[in-house]
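Take this structure, written in C-alpha cells, and hold onto it; I'll ask about it next.
A, B, C and D label the chains in the order they appear, each numbered from 1.
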Amino acid sequence: MDYSTNEMMTVAASRAVSNDDVCFVGIGMPSAACNLARLTHAPDITLIYESGTIGTKPATLPLSIGDGELCETAVTTVSVPEMFRYWLQGGRITIGFLGAAQLDRFGNINTTVIGDYHNPKVRLPGGGGAPEIATSCQEIFLVMKQSTRGFVKQVDFITSLGHGPTGRERRELGVTTKGPSRLITDLCIWQTDPETREFVVTSIHPGVTREQIQDNTGWTVRYADQVDETPAPDATELDALRSLN
Amino acid sequence: MDYSTNEMMTVAASRAVSNDDVCFVGIGMPSAACNLARLTHAPDITLIYESGTIGTKPATLPLSIGDGELCETAVTTVSVPEMFRYWLQGGRITIGFLGAAQLDRFGNINTTVIGDYHNPKVRLPGGGGAPEIATSCQEIFLVMKQSTRGFVKQVDFITSLGHGPTGRERRELGVTTKGPSRLITDLCIWQTDPETREFVVTSIHPGVTREQIQDNTGWTVRYADQVDETPAPDATELDALRSLN
Amino acid sequence: MARIVDLKTAIAEQVQSGDTVAMEGFTHLIPHAAAHEIIRQGLTDLTLIRMTPDLIYDQMIGMGCARKVMFSWGGNPGVGSLRRLRDAYEQHWPTRLEIEEHSHAAMANAYEAGAAGLPCAIFRGYLGAQLAEVNPNIKFIHCPFTNERLAAVPAIKPDVSIIHAQKADRKGNVLIEGIVGVQKEAVLAAKRSVVTVEEIVDDFAGLHPNVCILPDWTVGTISLVPGGAHPSYAQGYYKRDNDFYKAWDPIASDRETFRQWMQTHVLEVGPEVFAERVTFDGPTVTSRSDSAQED
Amino acid sequence: MARIVDLKTAIAEQVQSGDTVAMEGFTHLIPHAAAHEIIRQGLTDLTLIRMTPDLIYDQMIGMGCARKVMFSWGGNPGVGSLRRLRDAYEQHWPTRLEIEEHSHAAMANAYEAGAAGLPCAIFRGYLGAQLAEVNPNIKFIHCPFTNERLAAVPAIKPDVSIIHAQKADRKGNVLIEGIVGVQKEAVLAAKRSVVTVEEIVDDFAGLHPNVCILPDWTVGTISLVPGGAHPSYAQGYYKRDNDFYKAWDPIASDRETFRQWMQTHVLEVGPEVFAERVTFDGPTVTSRSDSAQED
C-alpha cells in the first residue's frame, strides 16, 4: 500500500504509545497518532485534551482542541483550571506529545519567536500548554517534520524545556520527570541518549538515507550502535488513519 | 401569641438580614433565622451552606450542614474546595452567621477549648469554617444565648477573630471586612461601637430587664444612648418558624 | 486501574496499620461500611484525616484504630460532641490520640493542593486565629506581587483515601453526585484508594458531560456495598438517618455501652448488613427536580 | 443582580474604552457577537485578556480596539497564525499592540486565583522556560514546608468579563455545559460581566445538581443572542464552523480584504445576523449520550 511521509510519521508515532498510557494530546499530528493507536493496538488508551475532555474517543479528527465531539465522547469534561491543576500538574499524564517550530538536539522547544523576543523576525503562536506539559508529564514524545529551519543547533527561545541548552539543565533544575525521550519525524525515529541527553537516530523509515537525514538536520546527526529500519505502515494502520480524516 | 426566648432570638436574628443578602449559614440557630427570613420578609435571600449548596430553599430545617434537601433545592452544588475558595474567600458573602462557646465584648470567638489548648478542661468541636468566615464575609452576625459562662471577659482561645483582644487588632492586621457588627441573644440585641468595637446593647427583648442582661454577661454591659424594645415576634413570623421544624 | 473486589479484600489489600488514611464525605456519602471493615481487620496506628471526624472516626478511635487525627470540626453535627474522640484525646482511652487541627478552609485547600500535585496550598486564612500559634503546619508567606500575607499549609497526600460513591460502571469509572465534598480531591491526592458504591452499572451512557467522575485509572479498588454510607446518606438511594445521629450520643457516652454496640453491630457482622439499615428511595435519581419531587 | 437587556445596551453599560476585558470560551462558546458589538461601538485602548486570542481578538485588534493583549496561545487553531494580531504587534497596524505572554497553566491558575479572591496563583510551572525571563509578571516563591521553588503569577481580575452560555433562566441564573473552559472563573474574577445566551428559559428545573451554573447575583447583564458564538459553537445548539476558521486566513491576510469583510459582516449589521449564520441542531441537548447520538 502506498503511503505518504506524513502517514509514516503518524503511524510511527502511534506505535510509541501503549494501552495503559494516559496521553495529553495536542492538535494535529499528536491527535492523529494517539487516535490511530486507540483504533489499532491500544483500544483502552486514555486521551486527554487541554480543553478539559478526559478519556475522549472521537470518530473523526478534531480541527481544534475543543471540538464538540471530544466532549460528547469523553468519560468526563472538567474546567480548564482543573485540567491544568489536578490532571497535568497532578502528575497523572504518562505521555505528553509536543511539536515545535524550532527544536535542538536536547529536545528544547521553541514555539514563541524566530529572532529576538522583543523584536522578532517571526512571531509564532506561543507556548500554550507546552511549557508545563514538557515538565509535568512523565515522558515527552516529540513529533515533527525534519528541516534545517526547524532542527537547529540552538533554539532562538526556549518556550518549553527539553533537557536544557547543554543537556544538563533539566537535571540541575531538579525536574523529576523524564523529559523528551523520543522524537518521531518524517524520516526517522530518534531516542534520547541517557548520558548526554542528545537525540540519536535509532530507526530509519523505509527508503530514507542517512544523507537525507543529515541534510534536514542543523546539527551533526548521531546514530545508535544499532539502527533499525522502521516497519512500513501496514494496511490496518493506514485504513484506520485514513478513516479518521 | 406565646413564644419562647429561643423563638424571640431567632426572629430577631431573621429580621437582621435582607432580601439582597448572601448568607453563609451555619447549622442550628443561624439556619433557622435565615430560613425564617426567606419565608417572611426576604424571599429572594441567598443561603449558602458550607457543604457546597448555593441558593438553597429547604422546607424543613436540616439537622446537618449537608442534608439532602439542601442540595435538592439549591440553584447549584459545588465542591467544598470551590465553596471555600471561589465563594467564601472570593468575597461574595455579605453576611456570615456564627455562634460561639465563649465570646468576648469585641466579638472574638472561642469554639476550640476551655482552658489551655494542650491541656484543655473541655475540648470543644473546633473552628470548622468559622476562622475564615469571620474574616472573609463582608459582615458577621453573632447569635448566642447569654450566660456568664459564654459571655466572658477574655476568651480562652481565639478560634475566630472578632475585633481582636483589645478591639484594635483586626484593623491592625489589615483585615478589610467589617467583622462582627451585631450580636443577637435570647435577651437583647447588641451592635458594635464603631470606635471602640465593643458590643453595646441597642434593643432589649420584651420583658427582659437590664439586671438580667448584666447577670448573664461576664463584663460590664454598655448600653447605647437610645435603647429600643425589640418588637415581639408576630404571628406570621412564629407560624413560619414553627413550620420549619 | 480500578479492580472490583469485595470490601474485605479491598481493605486488606489497600490499608495497613500505620497508614495515613483519609475517609471523606461531607455529611453525604460517608464511607461507614469501609470504616467498620477497618475496625474488624484490627488495623491500628492510623493517622486519620477528615474535615469532620463525625461518628465514623468516633467509632474507629474508640476501637483503637487511630494514633492521630487531623480535622477541622470534631463534633456530631446538630447533636454535640464526639465522645470517643474526646475520651481518647483527654483520657487516652483506649489509647493516646494526637491531634492536628485546622480550619475547614485550610483542609479544603490542602486537599485541593494534594490533588493538584503541589507541596502546599496558599489562602487568605487564619487571620488573627490562634490555631496558627499552636499548629506548626500553619505558616505564612507573602504574595510576591502585592506583599499580602497569606496562610500556607502542607498539601494533604494520604497513603490511602476511602470514599463511598453512588455508582461505578463495569470498567471502574466512579460517579459522585449531589454534595460532592472533597472526595474527588481526596482520591486524586492519595497514593491508593478504596471506593464503595451503591450500585455497579454496565456503563454511564446518558450522564451529563460535566458530572463528577473519577476515571477508572485514578481509582484503586471498588466494592459494592449498598447502604454503605449509613447513617450518612446517598442521594438518590436513601436519606440521612438523623435519628441514628441523635441515638449515637448516649451509646458513645459510656465506654462499655460503646464496646457492646460495636461488638454487636460491627465486629459480629459484615458489610452486607448495611443494605438492611437503610430504606431505599426507589428508582435512581440523577436530576435535581426529580429528587426534590420524591421527597 | 443579573438584568436581561439587549446586547447593544449591555456593551454600552458595562464596557468602556480603556477597560481590561476578558472574553473567554475555550474553543467552545466564544462570545463573537459581543466582540462585534464592541467593534461597532468603537471602543478603544482595551487590554484584552484571553488564553487563546483566536479569531475574536484578531478581529478586535485589526479594528483598533486593543492597546494590549494578554494571552498564552495566539494562533488560529488547526489553521495557522492570527494575521491581524501579528500585523498589530509587528507592524503597529492599525495601532501599536503590547503583549503580555504566559503559558496556559499560568493563565488558568491566574483566573482561578482571581475567582478565589487571591492576589496571586502559585503552580509548578515555567521550569526552564524563557518566558520567565521576559515577563516581569512571572516570579517564583519557595514552599515554606518543602522549599520547592514554585512559579507565581498575579491573579487575573478584569474590569469586565464577557462570555457566551447556553441558557439563562428568567431570574438570571446562567448555565454553561460541555467544554466549560475558564468562563466561570472569568466571570467570578471580574468586577462586571456581560453574558450572551442561546436561549432564555422559564426556569432550570430538572438539571443535574452539579452542573456549572452562575447564580443570578454573580452576573451583570444577560442578552439573548442565538448563534452568538459563531464561528465557535454552542454544544446542544450548533456545531463549530470549521470552514469559517479556514476561510478566515485569506480574509485576514490582507488589510483591505479584512476591512471590507468587517464593514460588510460586522459594522453594517447587528447581533441578529448570528442566528442566520448557524444551523441549529434541533431539540436542546443536555446529556452526553444524547448529543453523541445526534452526530
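The rule is simple: a contact is a pair of C-beta atoms (placed from the backbone, for glycine too) under 8 Å apart; a residue touches a chain by one contact, two chains touch by 3 or more.
Please read all numbers here as calculations on a predicted model, not as lab measurements.
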Next item on the list: Treat touching chains as neighbours and tell me the shortest step distance from subunit B to subunit D.
Entry: 1
Notebook entry, point to check: Which chain pair shares more contacting C-beta pairs: A-D, or A-C?
Noted result: A-D
Notebook entry, point to check: Using the average of all C-alpha atoms in each chain as its centre, how far is it in Å between subunit B and subunit C?
Noted result: 28
Checklist line | Whole-Å gap between the CA centroids of subunit A and subunit C | finding: 40
Note to self: Please tell me the distance, in whole Å, between the geometric centres of subunit A and subunit B computed from their C-alpha atoms.
What the structure shows: 57
Checklist line | Per-residue multi-chain contacts in subunit C, two or more chains | finding: 112, 116-118, 123-124, 178, 180, 185, 209-212, 235, 288, 291
Check: Among the residues of subunit A, which ones contact at least 2 other chains?
Finding: 71-72, 74, 77-78, 85, 89, 136
Check: Based on which chains are in contact, what kind of graph results: line, ring, star, complete or other?
Finding: other
Notebook entry, point to check: What chain-chain pairs meet the touch criterion?
Noted result: A-C, A-D, B-C, B-D, C-D
Item checked: Interface residues, subunit C side, partner subunit A - complex -> 1, 112, 115-118, 173, 185, 188, 204, 209-213, 215, 217-218
Item checked: Residues on subunit D engaged by subunit C in the complex (per definition of touch) -> 116-120, 122-124, 137, 139-141, 143-146, 148, 150, 152, 154, 177-178, 180, 205-212, 235, 286-291
Note to self: For a test of understanding, state which residues of subunit B touch subunit D in their complex under the given definition.
What the structure shows: 20, 22, 46, 54-55, 71-72, 74-78, 85-86, 89-92, 136
Checklist line | Residue ranges of subunit B in contact with subunit C within the complex | finding: 27-28, 50-53, 62-74, 77-81, 83-85, 88-89, 112, 117-118, 120, 123-132, 134-136, 157-161, 164, 169-170, 173, 175
Checklist line | Complex contact set, residues of subunit D against subunit A | finding: 26-28, 51-52, 71-75, 77-79, 81-82, 86, 89-90, 101, 103-105, 108-109, 111-112, 123-131, 134, 178-182, 184-185, 212, 233, 235, 239-240, 242, 245, 288, 291-292, 295
